[in-house]
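Each of the next two complexes has chain A plus one other chain: chain B in the first, chain C in the second.
For the complex of A and B:
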């Protein structure tokens, strides 16, 4: 029996790479976002191959389910035209290529002389080694037990972001009619209905 | 990794006070029908004061504690930094009340955001792990971006806030990339583990990537302390933001970032001194020169103070460049006195009206006010002389210790540039004094020229304390010196 894992790996990563390429090259932005979703699914499959089920699930639930769909809504609402985005980019091409080239050379220089300290291998080994727990459990242990402080801190940062969004966008406008459900339900017939006797022939 | 020890929560009690009171003030604002802004600012000040008291209580023990599995550390160095941060935040929040109301900024979210920013700074200085350091940095950064944009109706404020936000996000990216490179080499984010990994390798065999990572981290921190060439946001943000918010953004966060800078370079990366000290010398020199020359032509007072802050950070970096415990002590003395001078100067600005009734904007607004308010002008003149480094005021001694440390470390050129630029910088500090004392009142002054804003008791207290510290430092220098020495000793270089 042949081992199909390597074949699957190449299939998934091939699709992932070509989908990512399409994300940046697609003329239509909506197509770009759809290709992004394809890329997310394939990345999730790669995580499954690496026995990281939890991250695979999270990738699908969070990135495909929330982030990509949000992107899709934004892109559809903004109604971006393909040509408009690229206007004026020509003037920056030279500088962009120059800076990109310099960074590439730097990365190569750095990567070629790279080496990892021998101690690092022990320090980075997965904490689950030798333990019979699922990786959801292992991640939970890390997040909620060992890195609880960082987790809470990240939560506070999200709270600050929420406060910031509210502070910067909420406006109290005068004369806005808001629905008050309690008022509506407690309304009595005599408050809303008035019977007027009009003698016939006199008009209103 | 599997064994679990219950973390020692008493060590983060000041932080927990801040979190819970911030949440409480927010809840009050959300659920109570009538919440006065005054009340929530007072609550915020009280919470900051309470945690300041706790930190003072914990200081001077000479011990080191590590908790949360090595992610948080407490020693005298960190306590001193926390005291500086909390004292600065308490003073700034308490004195901001009248002008926040004057500028129509009385929003209940303001004190919680200040508390969260302070919490972020505390996490930054006490972090013993890049992860917590990053979370602290982001927490304070995000709160400060929101504070900067609080006056959203004004175009100039929006511009300043946007600039601050985009450059800050860029610095965050650099910082993360730097951390990832350092992690890639050492396999750890904990400072002590990184230090021990570096120690076991021979210096010459260290990969280029580690240095690149360190440089990225340094660039991000240089952005936070607004050292040249990462200073572009500073003058705009100082000028654009309302004065009480500038007083907060420009004061405490820089002290916190500078402490982190000092701690990172002198504690885990001290073995790489030969690699980073030339960079710090460059940052320091460039900041001093730009701070001195770019401010000469400014007419806007807050913009001028922004450039002055850039220059002052250059002097602090001189102490970092020395790379020993003497330098660390000088940095602490400088930071303490700088914070006092900065907050004092802004307390003066906050108590005066200028062309606009909201507050002083230009140097012109100070013309001839010495005849109207002799005491206030005297105090402002004291701060200006002190910032210029004229003896026997506190600012002189701050510069003296930094120069001494630089000369002891044989950084002669740096010290010479420092002395020369401080002479240049004295010009614009004295220009402010001249406007107050030697210029006549304008012939057709704006109706609000030289009038006092409503002086609150808090501003008076802050002003008097700051002035007393600067004036009397030469009589009791040992109070600060010993604290700084103890803090520098805790680094164990």
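For the complex of A and C:
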């Protein structure tokens, strides 16, 4: 029995990297979003390989199932053509390269000076292997027991952001005919229907 | 290398053992649907091909197979062909975690219910991609409607799942069923079961929420441009999703393979027969609803999802949590 986990790791990360490359180079924006979905999927598969099944599933539910659907919606509705996107791109080249370069140098400085403590090395692949609990429980313990205040604070901030977004985009239009379900339910036959015997030869 | 192939062979066998009967059930679901609705409308239904029309599904399948596959000229052919494949393979891949009887499951993973939720939240892609790749007005409108509808009703399904997680203390489907040994969750969570069933109707684009294919307004919605075998894949995927939703409903609320009473005549019947009976009952509700209710209007659909189901399920989650803490009912489950 050979160990196929390393092979799978390289397959998934290879697809992940090439899909992410396609996201920024695809001329059709809808193709770009579809490649983004492929990238999310492979990231979830990498989490699964690292035995982080809860994070993998949440990644698929939240990012692929909700966020990317919104992206796809917006991109499809805007119906961008590739040419328009690339027209004014020359003017931003210098700033783009500068910012990218600064980020790259920072990442390299971080990455080269990073080291994993020897006793923590076993934990990097299976963080809960020694604890006899699933990683869902481990995450729950951390978020809701040890860091409950911070977690709730983050939730409140998101809630406020959501309310803010709704307030900013909500507009009341005049003259829109809206159905009031309650009125509709309380309607009786005798209010809306009248039976008339019409004598032949005359109108109503 | 040989060992890993030998290791994979039985797995492929299990997969075939589930997929082949599943495809047969999907084929006969279309037959049962026509028969049931015919009976409710005092008609006969299919009765010409085979005894009582029993070979009708195969006749329909053959007809679809030998028709010509038409790809519209202005469409995006690769994505156009991918869309039905996505729908169909997603509706099959969810069955990997469904337990049919104690231990009879391909993959008994810890986060089974989350996996099902993730897979069902991806179903929207097949539809939205189909609508966009067709490069045509009706499919695009149908796809937008369908995507908005599925995203809206997923929210309430997610909250219903959270209620079940709170009650059972586990995300493993086998554990969830075992936790219903004393009482099926349909008893304490009856409103949630009703909401789950209605949301399942909306999630599978079934009547009375079949707005995406409202034939009077949108011809047939997102699959107008599809023909022959690629249309058949959409069709199979949709019916497969109906069976999947019924199976999830049976596992979450009707106790999966458990008999209703643990006394002698009921315990003689094997577990997977109980499971099949429960799934059939829920599928019958799908068909019954289709024969009974008129189609919702779009604004009514959105109102029901966001203004009725979302607050109600959210309130029920809080209530469940409160009751569990107050009466100390937490099982301290295995995750």
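One rule holds for everything that comes next: the second predicted complex is superposed on the first by the 153 of 204 C-alpha atoms of A that agree within 3 Å, B and C clash if a C-alpha of one lies under 4 Å from a C-alpha of the other, contacts with A are read in each partner's own complex, and residues count from 1 in each chain.
Following the convention adopted for this analysis, a residue touches a chain if its C-beta (ideal position, glycine included) is under 8 Å from a C-beta of that chain, and two chains touch if they have at least 3 such contacts.
This structure is a prediction, so every number in the text was calculated from the model and none was measured.
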Touched partner set for A:53, first chain B, second chain C, both or neither: second
Which superposed partner A:114 touches (first chain B, second chain C, both, neither): first
First, second, both or neither for A:105, with chain B first and chain C second: neither
Chain B versus chain C as contact partner of A:146, first or second or both or neither: first
Touched partner set for A:37, first chain B, second chain C, both or neither: second
Partner chain in contact with A:162 - chain B first, chain C second, else both or neither: neither
In the superposition, chain B vs chain C on chain A residues touched: B
First (chain B), second (chain C), both or neither touched by A:154: first
Touched partner set for A:11, first chain B, second chain C, both or neither: neither
Residues of chain A contacting chain B in one complex and chain C in the other: none
Complex contact set, residues of chain A against chain C: 1-2, 4, 30-31, 34, 37, 53-54, 57-58, 60-61, 64-66, 69, 72-73, 76, 133-137, 178-179, 181
Residues of chain B defined as touching chain A within the complex: 1-2, 4, 7, 19, 26, 68-69, 71-72, 107, 109, 112-113, 116, 119, 123, 131-132, 135-136, 138-139, 142-143, 145-146, 149-150, 152, 181, 184-188, 193, 196-197, 200-201, 207-209, 212
Complex interface listing, chain A residues touching chain B: 106, 109-111, 113-117, 119-124, 127, 131, 141-142, 145-150, 153-154, 156-157, 159-161, 163-164, 166-168
Chain A-touching residues of chain C, taken from the complex the two chains share: 1, 3-4, 7, 79, 109-111, 114-115, 117-118, 121-122, 124-125, 128-129, 132, 140, 144, 147, 151, 154, 171, 299-300, 303, 334-335
